[in-house]
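To start, the structure under review is shown below, and the notes come after it.
Chains here go by letter, A, B, C and D, matching the order in which they are written, and residues are numbered from 1 within each.
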Amino acid sequence: MQLGMVGLGRMGANIVRRLMRSGHECVVYDRNPEPGRQLAADGATAVADLAAMVASLQAPRHIWLMLPAGAITEATIAEFAALLSPGDVLIDGGNAFWKDDIRRAGELAHKGLAYLDVGTSGGVWGLERGYCLMIGGPEDVVKRMDPIFAALAPGAGDIPPTPGRDGRDPRVEQGYLHAGPNGAGHFVKMIHNGIEYGMMQAIAEGFDILRHADSPQLAPELRLDLDVADIAEVWRRGSVITSWLLDLTSTALAADEDLTGYSGYVDDSGEGRWTVQAAVEEAVPAEVLTAALYTRFRSRQDHTFAEKVLSAMRKGFGGHVEPKPALPKDPKA
Amino acid sequence: MQLGMVGLGRMGANIVRRLMRSGHECVVYDRNPEPGRQLAADGATAVADLAAMVASLQAPRHIWLMLPAGAITEATIAEFAALLSPGDVLIDGGNAFWKDDIRRAGELAHKGLAYLDVGTSGGVWGLERGYCLMIGGPEDVVKRMDPIFAALAPGAGDIPPTPGRDGRDPRVEQGYLHAGPNGAGHFVKMIHNGIEYGMMQAIAEGFDILRHADSPQLAPELRLDLDVADIAEVWRRGSVITSWLLDLTSTALAADEDLTGYSGYVDDSGEGRWTVQAAVEEAVPAEVLTAALYTRFRSRQDHTFAEKVLSAMRKGFGGHVEPKPALPKDPKA
Amino acid sequence: MQLGMVGLGRMGANIVRRLMRSGHECVVYDRNPEPGRQLAADGATAVADLAAMVASLQAPRHIWLMLPAGAITEATIAEFAALLSPGDVLIDGGNAFWKDDIRRAGELAHKGLAYLDVGTSGGVWGLERGYCLMIGGPEDVVKRMDPIFAALAPGAGDIPPTPGRDGRDPRVEQGYLHAGPNGAGHFVKMIHNGIEYGMMQAIAEGFDILRHADSPQLAPELRLDLDVADIAEVWRRGSVITSWLLDLTSTALAADEDLTGYSGYVDDSGEGRWTVQAAVEEAVPAEVLTAALYTRFRSRQDHTFAEKVLSAMRKGFGGHVEPKPALPKDPKA
Amino acid sequence: MQLGMVGLGRMGANIVRRLMRSGHECVVYDRNPEPGRQLAADGATAVADLAAMVASLQAPRHIWLMLPAGAITEATIAEFAALLSPGDVLIDGGNAFWKDDIRRAGELAHKGLAYLDVGTSGGVWGLERGYCLMIGGPEDVVKRMDPIFAALAPGAGDIPPTPGRDGRDPRVEQGYLHAGPNGAGHFVKMIHNGIEYGMMQAIAEGFDILRHADSPQLAPELRLDLDVADIAEVWRRGSVITSWLLDLTSTALAADEDLTGYSGYVDDSGEGRWTVQAAVEEAVPAEVLTAALYTRFRSRQDHTFAEKVLSAMRKGFGGHVEPKPALPKDPKA
């Protein structure tokens, strides 16, 4: 079927490629004309603006936005709202805030337009492995677009089936889920990323302790010099923590067990923050997911003001003058 | 080759079975004679006491202990120390504390006995999938016992190889690792379990937030009724958090998405505590691994004394009288 | 000067009493007529509705709302907005969300009305000790109301002056602060409460560890039977953690060192949640303030769904069947 | 009465001074002769070695060690054990590990020597304000030394008495506590310091959020420029969080609200670590005390290995290349 795609970054462009491999017809647009030219060479129809995209698609139109969350997405939706006709569908496949989805869906419904929020996981591997899709919106629209979602999803692959799922929605085992009404798709994707932060942090802390098993803070007879690359690899087979994140860790450590190419500055992309906000709003304790987020905040500062307040108090009651060492780039080095 | 096995619980018995499938000869003992009888029916030699085991094995002997950590293991090692001959080998395959391994190895070395500490992951699935092994001790002993370890380990299987490992120790990709000198095997296993706690807690918190997405604390138009079983399943394909722990979660939720068969009382088995201790000794921050442990502590109490102290202060400054509700068994129910 | 007070709960009524002791004239209203009758006996003018209050005050009017945060406050402000005249002032002395203050101030400004947000700390002790006030809003209005704030604040008392404050705003040492424009008063009060949660939790955890120093998990020769009431008391003199919260803890433990009158169910009142939200929005790590909040969430549940998910995974990989004990009411008992 | 003091750093020397002010007779020793000379000028008897100290004191002798925890204290105790006579008393007033106290007391008892472990709080202010003392050991020895403890403690001062303490041990209200048998003194001091870490961190995080209330991450209309020095000061009067630590914070911020003289590198001194260890051994959740410790660990590194592991995973699944900015010395600056 036909799909318009707005936003041809890595994610948007690869979604288009995966759809075209399954025979779908894509009309594409990006502010930067270059990725559209490349996709046109592969069979897509590149257009020069949103009006041209609307003109190029048959009603009811299905237009997928793959843009940075926030102002650009909002502006693009507003522009489309003026161009589209009742029955047309806008899909936000980016990482929008789920409450924004609920608001937007209500606004678009007033104009007869449908809206889907689609959480999309898969990263740089999605083109080959497929995208795990978490969809929020009206069931009839989700059904109508089933060929698109089925083409994007990974499929059952050689992953063993989960016992006890007979009679349940078979789409789920293909790797796409109609999670509920608008907001549900991005809510589920948000929690996915929140869990991702927590699992990553668990692995990262474990390797930090392993790396410092020869710490001078330990008695000499207790110091252990461990090979973190081999440890990551052995855990990939038969251990309880086998996971894709561990696979990636093993690959990175095999290349350089000191990870010297990484600064240690770690970004966060919004979903981790929204996850904490949801936990707080629901009054659900979420220690691990929150600690994982705070670690990233901390990684982006030389020192916090909080730490200086601690030093100031310590000087006040104990006369401690905190040293001001040039911090080691790596405490092991 | 020959192996003596002491402790025929599920782990010990299945290790024996997996070894015999590869043609190894096992002499077995347990205080309870029943599992020995069953293994004898499968071809093992069951003996009546430790002295009989020593008599049944050819020197140099290799005896694997699969016993609860602590007093029983210590007593058994002491008894063997009096029975064995120089050159014999004791292997502790349980979850010992790594500092105990270092001490024990030193004590046994005085008598000419060798010692290996082997962290063993695989749980109830190890018999079929194989055991991930993390080994500490002298390289010559580890080499001599290679047929045993190779038979127990999962092998490379169909897990994709990690790029960049050419020239590295090939045993690792078979699922067993000589991690270093004594203590290293259980240290690595300890951190494995610490990471396991953290990853489990990340997943658990995420599903808690999902389950309460329809919380009455949210405005009515924002409440979402989500199917946690389908969510777990869809994440198994193409998402970033694919993992064995997620597979297990999906299986459990497919059987009963309310998990009514579980009380919520969660044990911990020592390695999580030792992981925190190691982090503190090395001065490595380990927020997530520690929070995961504390959650388990908390799960085993009705209320903490700390919470009562909070209520007492609140009454003191604000006159708040904390309600004493019968706590709901499930806040969703 | 004249002040109208709406909301005559403990806080509102005591503020009126403290003001009347300093000779201020109060017009009071509450949905429930009883507290107004009592205050009228002490010299206040009790009125029957908001219109009567407006009629009873001379312009420019100053009306203080001491109502539960949320819908009631919003409705009351809306009703006053229709009754008041340009130049009149509304003060919200409750625990409003600071972003609501900024919005409200903007809305009221369109009608020529001024607005102050006043964070008020002091609890049940404020009548005698005075209230610590954190004020947001226009400086001219804050200045005009100075007699009110000065009467409510504790004054310098016998608290030793802080060195180095010469030339700084002298109101601060009297216990009231003009923190900044609208929103600043409640923002500062919010952080005050966030810190309060964290300090309370620190004290509470410490006493929990003290109380369980005779835990059966410790070797018998290491168990200590400590008197938590005496410990709290001794720390009141000369220790680094002397604080009002410790004073209150000592009082509670002197009355009953088992705190049997407290269930352990601990409420939270909004500011702790908003503090976490502010930390996340500013990307400031706030581990302790957040953990303190989550402890309260956890205290209000029998078991979390997260804990059941942990048990389900443990059964999946290890065959562990979590016991379902009747939880002890107190692990020490 | 007579007291020997070994270790004349700031704490040891000031204890001697405070005792001499009350008429006690002090024999003093330090490896460095200078502080002994100064105290001799004030009336103490300075000796040249431990044997001379033993010779200078009448039996039963009371000798207080104020030395760094660890090897020096152990060696000094061993040396005294060979010099002293049955009935003599050794007091460790430093920050020893409570399990070491129990071991040492047992060892010394074999030689007929008594041992006290005395946790001492008061820092640089102790000379004037008095020291809060937490004492472990035999009651008869504690009673005999009461004049010493009474002279060191702050006394009741003008701190309001706690209601409900009639009939309780009156020493406690003077600021010294016989906490229990050996180990109890340092256990209680350890938890004091653990709570201290937690309270400090709560205050520090709060001020960090206040300082960044004008963060560019907030919408412009929500940014607040707050005066943290005035905020600390106002909370000293009538607020719930009044405390000595807040007093010290106010003093530091009054001097420089940017705290530019502090690097943000924060040490920890052992008790915080032991507190976490005790919590883990007792299975008491102690989130806040632990997070406070980890913050200090983190403050002493440029970047953790854990953070690099996070970046490596992020590159692996998402192609994210973490920037390597020169970290701002202060995110506000």
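Everything that follows uses one rule, which is that a contact is a pair of C-beta atoms (placed from the backbone, for glycine too) under 8 Å apart; a residue touches a chain by one contact, two chains touch by 3 or more.
All values derive from a computational prediction rather than experimental measurement.
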| item | value |
| --- | --- |
| Most distant chain from subunit C, judged by the mean position of its C-alpha atoms | B |
| Comparison of B-C and A-C (more C-beta pairs in contact) | B-C |
| Intercentroid distance (Cα basis), subunit D paired with subunit C, Å | 30 |
| Centroid spacing, where centroids are CA-atom means, of subunit B and subunit D in whole angstrom | 38 |
| Cα-centroid distance, subunit A relative to subunit C, in whole angstrom | 38 |
| Rounded Å distance between subunit B and subunit C, as computed from the means of their C-alpha atoms | 45 |
| Multi-partner residues of subunit C (each touching 2 or more other chains) | 123, 201, 203, 205, 208, 212, 240, 244-245, 251, 281, 283-287, 291, 294-295, 298, 300, 304, 306, 317 |
| Subunit A to subunit D touching residues, read off their complex | 10, 123-125, 200-201, 203-205, 207-208, 211-212, 244-245, 248-249, 251-253, 259, 262-267, 287, 291, 295-296, 298-320, 322-325, 327-332 |
| Subunit D contact footprint on subunit B (complex, rising order) | 240, 268, 273, 276-277, 280-281, 283-287, 290-291, 293-295, 297-298, 300, 304, 306, 317 |
| Residue numbers on subunit A that touch subunit B, as the complex places them | 99, 102, 121-123, 126, 129-134, 153-160, 162-165, 168-169, 172-177, 179-181, 183-184, 187-188, 191-199, 201-203, 205-206, 208-210, 212-213, 215, 217-218, 221-222, 224-227, 229-231, 233-247, 250-251, 254-255, 275, 278-279, 281-289, 291-292, 294-295 |
